[in-house]
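Structure first, then comments.
Labels run A, B, C, D, E and F following the written order; every chain starts at residue 1.
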Amino acid sequence: MSRLIEYEDAPPEVRAVFDDIKATRGVPDVNNFWKALAVHPPTLARTWDNLKQVMAPGALDPLVKEMVYLAVSATAGCNYCVASHTAAARAKGMDDAMHGELLAVIAMAAETNRLAEALRVPVDPQFQ
Amino acid sequence: MSRLIEYEDAPPEVRAVFDDIKATRGVPDVNNFWKALAVHPPTLARTWDNLKQVMAPGALDPLVKEMVYLAVSATAGCNYCVASHTAAARAKGMDDAMHGELLAVIAMAAETNRLAEALRVPVDPQFQ
Amino acid sequence: MSRLIEYEDAPPEVRAVFDDIKATRGVPDVNNFWKALAVHPPTLARTWDNLKQVMAPGALDPLVKEMVYLAVSATAGCNYCVASHTAAARAKGMDDAMHGELLAVIAMAAETNRLAEALRVPVDPQFQ
Amino acid sequence: MSRLIEYEDAPPEVRAVFDDIKATRGVPDVNNFWKALAVHPPTLARTWDNLKQVMAPGALDPLVKEMVYLAVSATAGCNYCVASHTAAARAKGMDDAMHGELLAVIAMAAETNRLAEALRVPVDPQFQ
Amino acid sequence: MSRLIEYEDAPPEVRAVFDDIKATRGVPDVNNFWKALAVHPPTLARTWDNLKQVMAPGALDPLVKEMVYLAVSATAGCNYCVASHTAAARAKGMDDAMHGELLAVIAMAAETNRLAEALRVPVDPQFQ
Amino acid sequence: MSRLIEYEDAPPEVRAVFDDIKATRGVPDVNNFWKALAVHPPTLARTWDNLKQVMAPGALDPLVKEMVYLAVSATAGCNYCVASHTAAARAKGMDDAMHGELLAVIAMAAETNRLAEALRVPVDPQFQ
């Protein structure tokens, strides 16, 4: 299990990132991912900075982004990521029916991905 | 490369599926994935039947489903699937800005998936 | 694309492996995988030695082993490996119906793998 | 961890699937995968219906199908799936020697998959 | 295949990134990855900015970083990434012997990864 | 969880491998991976023999090899392998700064792997 850096033991550049996460998200403490990442302050700062930009509202709404994040994490089999992004998607409005349909699409895609690979299907000219 | 079964060479149970795909999608011919899958008619029929159910409008709208499908396919590295589902998402309204943000989320998720795995981050109690 | 080492350009330790592959398999030339691997003779020799041991008839018959090899390769999305092991399984007796069922199992497993990961299903006590 | 739906708390359409699983398999209770999937009844019903068709005896015998399922699950790194399909393969007759050889093939395939990808080996004409 | 944005057709914010890549690397043109990424200028800029930071000399030397990059890319089966990072590692001093040993480690790790997953090996207390 | 074979319960051919691992590494006991693999003595012997060859000092130094091993394991999401190879890399001299940069490269590579796949970037002529 990774070493987790708590706020009180963190150097100033880590505290600055933790403070920004807490303020941006309105939470009393950062979750374990950030405490683990704090073992390398430059990666912590860069990752948080990227995430803030990428997940900000834009052409796609935040809930769609969270569901895509969850789909990628389930496909990669990342247990921590599935747990945290399921919670995040729930917090942004994903209900049971949406969750169920999301799972069905993720699983269906995995199935046809394998079929296309196993059959070595040539790309149709209209998709090029 | 896989063997592709064309309509004129297909047995009746394959033609029936091809006809339903063409009618459902309003296209003059099925794409190569279905022609390749036709080497095993029961898998062709079952896969199309599943896909029709899973991708139908429901709690999630069809464009969101296509973008999730694309996210899974890109994560799995399925070249054919990326090509066909990028085209499908475009046809359902994904513009350049939406595509760009989708790619950014897919890539960001891959990055944090790896960090969480490499650090073996324990799941926070509130995510259980 | 990788550099391919042909027999006439190969050093003695590579020729010895190529000769053994040709004799064991009864083929006039080795396939591209071995020609590419020949850029590093120790890895060529070790890989062939392992493969010969692992794929030899034993508690599992050679066709079952080839189909498992194909299943792993399709799951990993390795295009070269899918092509070569589909050919090898065909040569050992896999017909269209067996191929079709094999693909169906590979795809079904991918689907339930994703569902189990996305739902973080706890392992049942009887499976421990 | 996922929410598990027990029989006594399940709606009628979930109970119908649970009853069919229990009758088909001759088991007193369904395993956790199905209890977790029951949060979305349409996906539960569709997945069970697919699995029954795909895993039925056909051109491949059921034990071969289970070992392929296990190979895919180990390649995908799905812990739950490895646990449940190892148990299922054992129940269908996989002994220690078969299990050992199966593991050896899975691992060997992973090794040559990586070599073929890392060397970008071009597909031989005879495999096309 | 992706749309590639050439310098002469690029908007100013894309040209600025292309100019920085060319200056940093001392090359006359950027490679296709950057031309493809230019369809979404914010992702282009962010990705280049991250890459410059991550790949800069630090506690690890640049050649080691390139070999790690290649190992990850081969494991993920990304054909483009394997091609470009093999070239980059060669340019930084990777010779045939180093390349061969790198491939051997990548393949060996894939093999034991699968064995550990397939056997569900519990983590030793001293590794926690 | 896998069955672990302890030295005192092991047959002679397993004890011989365990003895060689302990002597080579200077450790009082083998770790769980080997105890689990001992359920199939031929795979145990072959895997250890390969590992000894592949990880021996050569054109690449042992610490670089360990970091590559860790990179592959984190990319594949193998929890046991990440734990054991992080410990092994630490034992060979990887400090916090090196670990942090290694993680950053692994994560960055995952990100650009996904972008290259999702954009289907054509390989540049100079990389062929």
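We take it that a contact is a pair of C-beta atoms (placed from the backbone, for glycine too) under 8 Å apart; a residue touches a chain by one contact, two chains touch by 3 or more.
Protein identities per chain, from UniProt: A, B, C, D, E, F = Carboxymuconolactone decarboxylase family protein.
Note that the structure is a prediction, hence the values are computed from the model and not measured.
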{"item": "Winner on C-beta contact pairs when A-E is weighed against B-C", "value": "B-C"}
{"item": "B-E, C-F or C-D - pair sharing over half of the A-F contact pairs", "value": "B-E"}
{"item": "Gap in Å, rounded to a whole number, between the CA centres of chain D and chain A", "value": "27"}
{"item": "Rounded Å distance, chain B centre to chain D centre (Cα mean)", "value": "21"}
{"item": "Centre-to-centre distance between chain C and chain A (centres being mean Cα positions), rounded to whole Å", "value": "34"}
{"item": "Residues of chain F touching at least two other chains", "value": "1, 39, 42-43, 46-47, 50, 54, 75-79, 83, 97, 100-101, 103-104, 106-108, 110-113, 115, 117, 119-120, 128"}
{"item": "Chain contact graph, described as a line, ring, star, complete graph or other shape", "value": "complete"}
{"item": "Contacting residues of chain D [partner chain E, same complex]", "value": "70, 74-75, 77, 79, 82-83, 103, 106-108, 110-115, 117-120"}
{"item": "In the complex with chain F, residue positions of chain D that touch it", "value": "77, 96-97, 99-101, 103-104, 107"}
{"item": "Touch list for chain D against partner chain C, complex", "value": "1-2, 4, 31-33, 36-37, 39, 43, 47, 50-51, 54-55, 58-60, 64-65, 67-69, 71-73, 75-76, 78-81, 83-87, 95, 97-98, 100-102, 104-106, 108-113, 115-117, 119-124, 126-128"}
{"item": "Contact footprint of chain D on chain F as seen in their complex", "value": "39-40, 42-43, 46-47, 76-78"}
{"item": "Residues of chain E that touch chain A when the two form their complex", "value": "1, 42, 46, 50, 53-54, 128"}
